Amino acid sequence: MNKMQKAIRELAEMDEMAVRSSPVHALHPLSKLIATVIYILVTLSFDKYDLSGLVPMVLWPVLLFQLSGIEVRSCFYKLRIVLPLVMAVGLFNPFFDKTVVLQLGSLPVTGGVISMLTLMLKGVFCLMASFLLMATTPIDNLCAALRMLHVPKLLVTLLLLTYRYVGVMTEELAVMTDAYHLRAPGQKGIHISAWGSFLGQLLLRSMDRAQELYSSMLLRGYHQHFHYADIPPFRTRDALYMAGCALFFLLLRCVRIAQILGGTLVR
Amino acid sequence: MIEFQHVSFAYEKNVPVLKDLSFRIDTGEAVGLIGANGAGKSTVMKLLLGLLEGEGKILVDGTEVRRDTLPEIRRKLGFVLQNSDNQMFMPTVYEDMMFAPLNYMLSRREAEARVDAVLKRLHLEDLKHRYNHRISGGEKRMAAIATILAMEPEVILMDEPTSALDPYNRRIVIDTIRELEQTKLITSHDLDMILDTCNRVILLSDGRIVADGTAEDILHDRALLEKHRMELPLSLMGRQE
Amino acid sequence: MHMADALLAPAVAATMYVASGTAAGISIHKLKQDDEPQKLPVMAVTAALVFAGQMINYTIPGTGSSGHMCGGMLLSALLGPQAGFLSMIVILAIQCLFFADGGLMALGANIWNMAFYGCFVGYYLIWRPIMRSNWFGEGKSAQRTRIIAASIIGCIVTLQLGAFSVVLETSLSGITELPFGAFVALMQPIHLAIGLVEGLITSAVLLFVYESRPELLQCVNPEESETSKRSLKTVVAILAVVALVVGGGLSLLASSNPDGLEWALFGNAEEGYAENMGLDEDNFGVSSKAADTAGAIQEKTSFLPDYAFADNDTPAGTTVSGIVGAAMVAGIAVLICVAGGFFRKKKKAA
């Protein structure tokens, strides 16, 4: 399987998860989107040393995973992109910040270590939140929510059209890549002699495709207007969910749950 | 219903694609437009749809195809593209089918009723909310036909409706085409399909009409077909030996 | 170069959203004025193509490693700056939403770093002036040379700007302890190499298009090679470009160890750079000698004021009770999972 085929599988997996049914899937896309954004903002707002304050934020995604029935496994697969990046940035911290802030038995814990862990957790939490949003919301519903937020129609339409053709183009390039390597065994990538023509050929064909696509739109009465499926009504329970989430996050942000819980045991 | 009067067309000067083409298709006819690659079949379609402009006169239902009459003309014509991916640009089958009716100012309720009726008629109810990028080639072709039927066109134009389909899906598409009561103009190299679905055949060669007659007559004429780089339909091969 | 959410403070993320959003708004306005309805399908298909094209491995001759294309310059040369910018936005959005490549909150910053520079700076300051100039003389071969020059300079400059923005944004967010200067010295030279390769790939693709369908390229007149006089604007633009290139070169020299890094990156192409569609390069942390300043800025700009922490005596706010509490939270999380599994089983059984 080449990289493009893997990408197609990943897209297919997201699509499949998004159309399942669960209490979370049934919520209005707008309320889910806003809750997710607030969650990420609150997560990011924790101080870089505030590890114990940050930890309780894990409860929301964990709860959502359980309610929606989405497997944690598919989310962690995506961590392979976020974690190396965040870790590489964070790994410098222990070297630059050597202030000992805590003594665990004989083991001194420095500020750098704490801030590195905080950064990594933030990375994981934010990923889980946006993953859960996409795993429970089909792209067309998300676009409907974007329209409700007055994101310009042109951009939303472009997003949907592009999403539709990402699969088609990736598939074509996957086939072309296989065909190339079948005739060029032992080459890791595209040889310099074909740098231009490989993508260029597809690009020219795509221009014809775009023309045909436009014809198809014209022939069905297109006049600069795209009509989309009905936006589902925003119900009380959606508003409640949104408000509930926001309150919960604020609570976690302002009240030091971990300290209080820990305080009951350790004095 | 459709009339071409002395239509000529050239993409580049001095390289004519169509030369003085004249024919008439009456309401209810099913016409197969055949010819070798480069004979000018798709150009005929594009001229009729107003995607290209040529010389001569093209009439649809008595109205000339001109820039100002295009909206009116296109409303009557439904064109099923060869590549369904290029036709189905909306996220789901349902939204794709709603596209044309909504553009023609139908209310959402009316449009939806129309879509449901078409889906029921073609037995595609379970495709309704599927994603266009997640359905098989055969389903995609049927969905593309459904999108066009939702427009309720008076004429259906099809470009290679059976290309790249397996025998089972090809049969479904052929049966569907046969059941459509609209005027039909179909281009294809699948002459067996043309034989099954059309009562009249126009043979194009080098931009000219070289034969125009019943499907029976033309598709049985081995000498004529071979002269213009075609072959007898497979189903007729045995009979003539 | 895709930044993750965790690398940004909310205030920085929001600022970048506003900046990118404004650029997008202006682009949409301009496109609507131009009123070319057939542009939408072209944009969508080209964006999808570039999305897929970013996954192609291009072998770099003589190194055994591979390069990639990001596409900002390519898109603006094909579609023009506004349409190119919007197409780039949706590519980044799809990468962030479906592939976790970049984050939801970091999207604004990513759009700015990758799409804004690539499309607007790349087009108005590099592509258009060069293509309209009469550098390298007249005729087809001069035109070809101009395409190569514009692509390479464009990619290098826009990547330098993008990389610098990544450093700036991360530093302002106060995430890492890596001094600002060191971070810059790490990022810029690497992106010089990446930009050069990307420029070569982009020019190869654009040349191919030029040979077959020159009318598809912006500012390229297939018929007559327009001989415009070099205006003051062009001169300023060229000077700016030269300054940036020289600056990038200097930072290469200044870097303490320029050798290992870029090859480590490219050598890892299969697992790292490639796999992540080009992100490992910002694996180098943040923050300035003004770590305190940044901290102070963050303090002020933080989503919520920190008054709740008055009782914390350590900078970490981390105490033994905090650790115990965190462990308890983890326990609660496990409980939720167990309960969820239990209810699902029950539901299945029922």
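Lettered A, B and C in written order, each chain numbered from 1.
Note that in this section contacts are C-beta pairs under 8 Å (C-beta built on N, C-alpha and C of every residue); 3 or more make two chains touch, one makes a residue touch a chain.
Since the model is a prediction, treat every value here as computed from it, not as a measurement.
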Chain whose average C-alpha position is farthest from chain B's own: C
Chain pair whose interface holds the most contacting C-beta pairs: A-C
Chain centre separation (chain B, chain C; CA means) in Å: 46
Chain A and chain C, separation of their C-alpha mean positions in angstrom: 17
Numbers and ranges of chain C residues touching at least 2 other chains: 41, 44
Of all residues in chain B, the ones touching two or more other chains: 89
Touching two or more other chains - residue numbers and ranges from chain A: 139, 161, 163-165, 168, 209, 213, 217, 222-223
Chain A-touching residues of chain C, taken from the complex the two chains share: 2-10, 13, 24-25, 28, 31-32, 37-38, 40-49, 51-53, 55-61, 64, 66, 69, 78, 86-87, 89-91, 93-94, 96-101, 103-105, 170, 174-179, 200-201, 204-209, 212-213, 216, 270, 272, 274-276, 279-280, 282-286, 302-304, 306, 308-309, 314-330, 332-333, 336-337, 339-341, 344
For the chain B and chain A complex, residues of the former touching the latter: 49, 51, 71, 74-75, 77-79, 81, 83, 85-87, 89-92, 94-95, 98-100, 102-104, 108, 131-134, 147, 151
Chain A - residues contacting chain C, complex: 3-4, 7, 10-11, 14, 36-37, 40-45, 47-53, 55-56, 58-59, 62-63, 65-67, 69, 78-82, 84-93, 95-97, 99, 101-102, 104, 109, 111-112, 114-115, 119-120, 122-123, 126-127, 129-131, 133-134, 139, 142, 152, 154-155, 157-159, 161-166, 168-170, 172-173, 177, 187-192, 195-204, 206-207, 209-211, 213-214, 217, 222-224, 250, 253-263, 265-266
Chain B-touching residues of chain A, taken from the complex the two chains share: 12, 15, 138-140, 160-161, 163-165, 167-168, 209, 212-213, 215-223, 225, 227-230
